[in-house]
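My questions all concern the structure below.
The letters A, B, C and D name the chains in turn, as written, and every chain counts its residues from 1.
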Amino acid sequence: MAVKEKKIGFAKRLPSSAVFSIASTVGALLFTSFILWMAGAQPGLTFEKILAGAFGDSVKIANGLVVWVPLSLTAGALIITFTAGLWNLGIEGQIMLGAIAATGTLRVLQNSLLSPVLIILFACLMGMVGGALWAALTGILRLFGGVSEIFAGVGLNFVATALSLWLIFDPWKRPGVGSMSGTEPFDERLWLATIPGYRLSLWSLVLVVVVFIGLFILLKKTRFGIQIKAIGKNLEAARLMGIQTRKQMMAAMLLCGGLAGLAGALQVVAVYHRLIPSISSGYGFLAMLVAMLANNNLMLALLVAYLFAILNIGGIQLPIVLHLDSTLSGVLQTALVLFFLIMNGVKQHLTERKERNRHAE
Amino acid sequence: MQSDVLVGLAGVIASAAPIVIAAIGETLTEKSGMLNLSVNGIILLSAMGGFAVSYRTDNLAAGYLAGILIGALIGLILAFCTLTLYQSQVAVGLVLAFLCRDLSYFLGNGFMGLTAPVMHSATLPFLSELPVLGSLFFDQTVMTYLSLLCIPTALVWINHTRYGLVLRSVGERPEAAFARGIDVKKVRYLYTIVGSALVGLAGPIYTLGLKPGWKGSMTGLDGIGWIVLAITIFGGWNSFRVALGAYLFELLRWLGLVYQAQWSGVPSQVLQVAPFPLMILTLVFVNMKNSEWFESLISLLPPPLYRFFSLKGKRNKAAPSSLGIPFRNV
Amino acid sequence: MEIEIRNIHKSFGAVHANAGISLTVHAGEILGVLGENGAGKTTLMKILAGLQPCDAGEIYVDGKLVHFQSADSALALGIGMLSQDPLDFPMLTIFDNLYLGRKKGFFIQKNSFRKEVEKVEDLLAFHFKLSELVGTLSIGERQQLEILRLLVYGSELIILDEPTTGISTQQKKQLFDLLKRLAELGKTVIFVTHKLAEVNELCRRTIVLRQGKLVGDVALPCGSASLIQAMFGKAVDLQDPLDVSRSEEQFEVRHLVIKDAHFFSNPVNLSVRKGEILGLAGMEGSGQKAFLRTLAGLEKPLDGAFFDEGDALRWGSTHSFTKRGVYFMPAARMEEGLIQGMTVQEHFILSQPAEEIMIDRERSCRISETRIKEFSIHGSSSSNAEELSGGNQQRLLIAMLPERARLLLLENPTRGLDIESTNWIWEKLHERCKKGASILFASPDMEELLRFSNRILVFFAGKISEPFFSRDLNSEKLGALIGGEGWR
Amino acid sequence: AKGTSEPAANSEESEKFVFGMLLVGAYNDQGWNQAHYEAGLYVQDHIPGTEMIYIDKVNTADRPGTTPDQLAEELVAQGAKLIIFDSDDMKDGAHAFAAAHPDIPVIHASGDGAWVDGNAYQNLPNLANVMGRMEYGKEIAGCAAALSSTTGKIGYLGPLINEETRRLTASAYLGAKYCWENVAGKDPADLTFEVTWIGFWSNIPGVTLDPTQVADDFFNRGYDVVISGIDTTEALTEAQKYADEGNTVFAIPYDFKGGCGQTSGVCLGVPYYNWGPSYTSYVQSAIDGNFTPSWDYLAPNWEDLNNPDTSALGFVKGDALPEENGAKLDDFIAELAGGLNLWKGPLNLQDGTVFLAEGETATDYQVWYLPQLLEGMLGLSTAAE
């Protein structure tokens, strides 16, 4: 799927990449069908209902896009760090901090005389700053403290969760009550305008397009992009080539955190209009799967994010019409990635064997 | 009052049991140089699977066995994808973590709120009469005894047996171990499976003992696995310290509830998340020895002392040198 | 024990590393194995020690056909090998390191094994503190440890692959004594090297490998000329380096103290003229690498200063060094120099200093094409670095050095290259010098040092000599200095 | 099975009245959500031609990226003509949905958006609230606890601190105190009533307290009854474990009629909600086209506390309540039925300020929005200041 065709002669006789992609998709579908069969459900019907639930009408399609926006933003963000060879598992916390910073900004400015547009813009900006600062913490721990970004990130996710719960139940609680439903919703004028009749905001769609064009330019057309690619592939060599590896890795973390924070801020201004306990919605981890399945390819990430969004939205139908649990969507999503990794391994294995045979001739 | 505290501490030891076992399992895996990030998923899936099997068979042992088998199976998948297919340990581990979690919720839906057998404490004769130790350690469930037993066993296994030496060597320098005739892949397969099986045992310890029953995402187990990973690091890959980390974690949770009313100024989340900043600080501290500024500090020392600090210092809490790094032999 | 190998073949991709080698090694002899870099010495030894399977061929031990699956099945038959870099465990204790490989027992039997070790130690006349970490030992001690280990496990044949790299003369002497003692005890020793003197000193017989083939089996001692002829195929002729005595000084090092993992150097004072080529001589690991990396800003010195035309360069950011045209080129091509999965063109983009944010693809493509042509790299702009052959990778590395480079710090610039490529690369480097760049390069090859440098610094276990003019040196003198003799 | 039933269903398609339910947790959680789910089944049984559809786990942790109003629309798309939101968490979603769909009757259980005198009045023509006066259930629970406790130490396993949980906890305390003094005739000074809040409705490792540990801690410290304020069953399962090991401890679960589950000898009973009758009347009025918004704060049927067709809440006695105490509890229930009001002065708040003066009885408003715990209760009244 994403794998670039190598220009090496011996690869030619191997089945093309498409074959492996199809094989991994079929594998994931078969696996999920098996799980469905174990749960006593009809696989065909189930998949049909998921699709109907995602494309049944324009509202559903729009709802899919509502999920797609933060998911693709976060996946795009992760592709930056993945390219730089950083497993930014702290992404969930970065989304949360973005949401927290945006909420804080809105709380401060909601009664001011600024125009709502400015307030929203400022909230998004502060969201980016919040996410970036949280990412910076991971970056500093990794680059100056020698703490793997994996563990620093996971730890900081917990801290971020606790922080948001504390804010919701304590300093930012609704008048008189701390509620799981989150902080007091903001005034409607501070909501990001949506298309009438839909939950979808055109602005967030535009934002995704702009961000991805920006990411494409950043990663493919700028020195920074090619430098972090080099860092991701060979840190030491990149350093010896005179690339300022620390600075660029930190920049990658900050950019990623900033975009994740933006996704979190959008959840506040465009979807929930307040801070809720699990504001990150697990998008960070889901986006990680998206980026893996897309093999860090931006265009593919947009598609895969859409596929995953569809599965999330379509999965809602399962309890309604089939009395099944919606986590099936998650099973299918993760199975897709697992089988992709497996087929990737098989492909590499076959490639190597071909190569060996070639030399033996 | 005195006995209150003792009983409370005994409770801490009991509730830390699955974490101790899982973290020791993860320690074994990581000692071989394999990073298993799927712990969280394994615990959930085996908690559900163990409960379901125990419910169906009305047999406790079958449930625990199922948990172990589920863990071993996930370990096998991880090992196959990383050791045979050479995929990234981080990627595969993460995917398995999420896959197992979703599977446990999906498949476990039919087992919500049911009642299966529960493991009770088995007071040890004589030993439980001991003044303080008796009520702390010897009035517990079999699984808690097992967790206590795991600590010295793992310690002895890793440090004092030939097999443990093989394990350490594979995690330290696989190419050298290979040259000594050790089948690195086999060892890594083995410890990934065994370690994951131990992690898998932690699941049913919850659902068949500590927190009986399966309640889907309300079971309150989602996240334990990440804590286990943190504790493995916190403990510096030493089963004794790993266990201490697990006890510290549960102790903090317990203190959080005991002192809730007294410490009304402290947000209740503080003690709960404290282990994570602690883990990070530990890592910073351990890694300080590898950092440039520390290096330049000790390099002022005369060579023998310098060597002492730069190597001896790293010896204790250092990660296995090849952790997470794939090995391919020719 | 008598070993006979017949018609061994081994290929790595297109490289025929061993092309039909047959040989008999007799009990109690010390056999030398000579050959230039890449001749196939290590490959043959690894096959013999079970570390690598061969593609074809047979091995007989005392007349019996054997098959090794692994190093320890070879060790079980009495064949043990000391690798070029010690394959041991720095983070384990000496005891654990020795114990690893035991087949019997569940628990580690500390006492009985300690006795076994002590018995062998007595025989060899040296002792280790078993509770120490291996990593605290010096390279020489680690070699001794490996020999000890092999003997503990009953090795009858001990293969040493270039053991004299990185150890002091003192230690070398100890090692040679040890090996002679082993021979007296009836053990067989195979001694791999590309240094003639060592073979002459230690062995009664040597074989010579070239391009994977056995090209000589010589009784020793004998004259070097014939050995050189066998090793290199032709005698090398020397050429004169540029005359730089009148060009101005552009770099100056004052009281520079460098640190390596195992030592701190003495203070170095040095000034480098425009167009000058300075060779760094010494055994691998004697501090040359640390010296080059320090001058490149990659590592902080303990003390001292580095001036570029009077301006002091500050350590901390490598970038400030590259900005002034100071570049380092590592020896480990694929590990440190090039990036797997990136194209040749991308390598050129990365290595060219530029301030602009965006990449001008067209321009970089042009640059890449001209560089490829200029350095006759076999490959295209869009080939990935790992698809190039070793020689072409080296050319790429050299081609990547930016035009504006004023000081080139080259670690082993012709590693793994044949003589033609070496000459070609030096032509290119001379062009740089004519344009005013200065070069510091490290090389294990004395000929290369003597041929191409104006002056030579000798490194010996962290001791750094005053620069010698290369016209004042010859192979013998330089060899002695490298070996730690003739120092004031 | 679905395939065969479809043709039959088709014929009555036109008359079928579909109502939708949004459950915050799993429909089969043996707690709060199952009580609602079974109420939906009750409606189906009692009004022919109605059908329930539902989405469970309506929370952002389980359903990332969705909002309750969005999910309610999914139900509408499947034909739902009335929507029930079952949790306080869905407050904003319920209000938003009701505002956006004035033609669809909305019932928000436990909310106060339809209460004209309440703090959150929304003035929506299609929004109704319903909540049982669980204060009575908790008072009965508190009484059962006080009657069974030998140590006089009663623990309350609280979720997070808000108005609803405060008033329910306080009610349990009032019931316990009353029965301790007036029924058991013991010294009020010997009664300890302590609440520990876990900080959420369920356990999140690394973030909230562990309810299992909280229950254990109560039992370990000599508390012999734990009343659960959370929807999961940790208190009961822990009590069962302690009892199996030979201790005399009890627990009182919450929410669901079947809450005592399959335990033996530890469950003193369960105060539960019976949403069926009120849902039935709402659905019927929606079918008849005369749905009117109201804020229903429903008292139990004191004639027949556990009548599934008339009582909005009830209390099922557990097998751990001996007959003698059962009888005393019945007497207490009879007193409540006869007009005993425990929310009557003098009552002070936890910080000592007067809540109700001598002889004053609390209004619904005062109870519903109780600002603190009451004097005499141990535990936090609010989250950290």
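What to note about this one:
Throughout what follows, a residue touches a chain if its C-beta (ideal position, glycine included) is under 8 Å from a C-beta of that chain, and two chains touch if they have at least 3 such contacts.
Note that this is a predicted model, so its numbers are computed, not measured.
Of all the chains, the one whose CA centre sits at the greatest distance from that of subunit B is C. The distance from the centre of subunit B to the centre of subunit C, with each centre set as the mean of the Cα atoms, comes to 43 Å. With centres taken as mean Cα positions, subunit C sits 46 Å from subunit A.
Between the Cα centres of subunit B and subunit D there is a gap of 38 Å. Counting only residues that touch two or more partner chains, subunit A has 158, 161-162, 165-166, 170, 325, 327.
Listed for subunit C are no residues, as none touches two or more other chains. In subunit B, the positions touching at least two other chains are 109, 223, 226, 267-269, 272-273, 276. Interface note: chains touch in the pairs A-B, A-C, A-D, B-C, B-D.
Those residues of subunit D whose C-beta lies close enough to touch subunit A in the complex are 27, 53-57, 59-67, 70-71, 73-75, 77-78, 87-92, 119, 160-164, 199-201, 204, 206-208, 369, 371, 383-384. Subunit B makes touch with subunit D in their complex at residues 4, 7-8, 10-11, 15, 109, 112-113, 115, 118, 120-121, 210-213, 215-224, 226-227, 250, 253-254, 256-258, 260-261, 264-269, 272-273, 275-276.
Put simply, subunit A touches subunit D in their complex at residues 53, 56-57, 59-60, 63, 66-67, 70-71, 158, 161-162, 165-166, 169-170, 173, 175-182, 185, 199, 271-274, 276-279, 281-283, 286, 309, 312-313, 316-317, 319-321, 325-327.
Residues of subunit C touching subunit B in their complex: 51-53, 70-73, 75, 83, 87-92, 96, 99-102, 105-108, 133, 135-136, 259, 262-264, 300, 302. Subunit A contributes residues 35, 38-39, 87, 89, 141, 144-148, 150-152, 154-159, 161-163, 165-166, 170, 285, 288-289, 292, 324-325, 327-328, 330-331, 333-335, 337-338, 341-342, 344-346, 348-349 to its touches with subunit B in the complex.
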